[in-house]
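Naming follows writing order (A, B, C and D), and every chain is counted from residue 1.
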Amino acid sequence: MSVSPEVFLAMGREVLAQQAFSTLLGAELTALSAGKVQLELALTDQLKQQNGFAHGGVVSYLADNALTYAGGSAMQVPVVTSEFKINYVRPGVGERLIARASAEAVSKTQAVCRCEVYAVANGEEKLCALAQGTIVKLG
Amino acid sequence: MSVSPEVFLAMGREVLAQQAFSTLLGAELTALSAGKVQLELALTDQLKQQNGFAHGGVVSYLADNALTYAGGSAMQVPVVTSEFKINYVRPGVGERLIARASAEAVSKTQAVCRCEVYAVANGEEKLCALAQGTIVKLG
Amino acid sequence: MSVSPEVFLAMGREVLAQQAFSTLLGAELTALSAGKVQLELALTDQLKQQNGFAHGGVVSYLADNALTYAGGSAMQVPVVTSEFKINYVRPGVGERLIARASAEAVSKTQAVCRCEVYAVANGEEKLCALAQGTIVKLG
Amino acid sequence: MSVSPEVFLAMGREVLAQQAFSTLLGAELTALSAGKVQLELALTDQLKQQNGFAHGGVVSYLADNALTYAGGSAMQVPVVTSEFKINYVRPGVGERLIARASAEAVSKTQAVCRCEVYAVANGEEKLCALAQGTIVKLG
């Protein structure tokens, strides 16, 4: 495939816009290239748990989806997340969550990807979670 | 602690009601005892991805939260999910998702728990995902 | 495939005998059927770490190999372990380690399997570790 | 703690020498600083499986132990591996395996660490496996 970086990002955003759940959470694709992605969301009240932190499910959603984009953009075929693991290392406190993922080992049938999720408070990023997973070619 | 099963479940539901994100997703706690939990949600359109299946983030939210309840109800102290892994084994298709989790190894400081997530279509349950993770005592 | 249980187990043992590393560790296949396996070893001094417990690498070897047997016997094609995670829940103390694994979700291309590893001391089994992983068809 | 890099490495090697299983496998600690480690071994025939590749259990041993060293050297207290996950991405073929691990998120009670395992064939390193896990303070 040979499209400009702008078109590549626009294509990625179209896919995201088709995911009703991503729209519900307000996810934004802010960077995308082959095997590399940045996915963010504003940490609104409805994404929190009882202590006012980002709900773990929001952090894992962001990691899962970022891993999928990293793998899909590296393989450039329709993909699905096969599995992942996530370690939460700090409560998600602040205005935004930013997930950055990259494909670390890519074959024709799968990509093993890693992701870090950061919480942004007063403009400062703090690491919240680390994930690793397998993205596989669909069908 | 010595409360009736009904009160124990009601206490769990109060915690869930305080999680704005769980309310947003429509999660329902349908069973809870020490180390055992069932957590469900109706698979509405807003919880889906571009192919009409449950978004992976919804499945992982359910698994994550069910693991936390299993660990918290087993340890009966405030807890947080430290980490978990999830394997998706079938698209989440149907009317509902049901997660069942149990605490498999409990100590004073942590519980290692397992969870299965099922999709219910036309009244039939099919296994969608398997998860395993660590719930730790808060603080 | 239609062989007797005895022949099925004997076939599994032949594969194990071809794994030099399994021979080095003294692993024994004590039960095998489609999607179900029991793999053991005597906890000799050379398999321990500095505190006299089973080295984590021995426990993870046993889990990894048991997962592979569970998946391979369920799929009945040549397989390889794609990934797994393991939670250690208790030091491996005693005379033997026993791993029991089963295939939980099997398709044509992969099997998601679970495993528990027990330490046997004075005839009593104690849960040491829980694992979950993906076994994939080779090639 | 304030020791020279040489003494720090020597201390790490003393611990390794006390692990009978690490001696059996021929593991060598070739670099160690706070939160960073390199652990290697010669890929002898006894560490292989039936296809002549490094047995998965050898690769996971190396990852597990490297994660523990990364966490322990970062926290500088006695530690134990609580859990880890590993993705195998290529058969371990060649003369040596090299694991490099680092502590990515360190608190007083735990360190989340990552590791890559490489196989060295004819002097060229190829990525074989990626791991991520939690190292916790003992007791």
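Side notes on the structure shown:
Just so it is clear, contacts are C-beta pairs under 8 Å (C-beta built on N, C-alpha and C of every residue); 3 or more make two chains touch, one makes a residue touch a chain.
In this text the structure is predicted, and so the values were computed from the model without any measurement.
At the chain A-chain D interface, residue numbers used by both copies make up over half of all numbers present, so the two copies contact each other through mostly the same positions. Superposition of chain B on chain C using C-alpha atoms only gives a rotation of 180 degrees, nearest 5. Centre-to-centre separation of chain A and chain D, using mean CA positions: 28 Å.
Taking the mean of the C-alpha atoms as each chain's centre, chain B and chain D sit 34 Å apart.
Centroid to centroid, with C-alpha atoms defining each point, chain A and chain B lie 22 Å apart. Within chain B, residues 82-83, 85, 87, 112, 134 each touch two or more of the remaining chains. Under the stated contact rule, the graph of chain-to-chain touches is complete, every pair of chains being in contact.
Chain A meets chain D in the complex at residues 85, 87, 89-90, 104-105, 107, 112, 114, 127, 130, 132, 134.
Chain contact summary for the complex, chain B toward chain D: residues 82-83, 85, 110, 112, 134.
Chain contact summary for the complex, chain A toward chain B: residues 15, 18-25, 45-50, 55-58, 60-62, 64-65, 68, 80-88.
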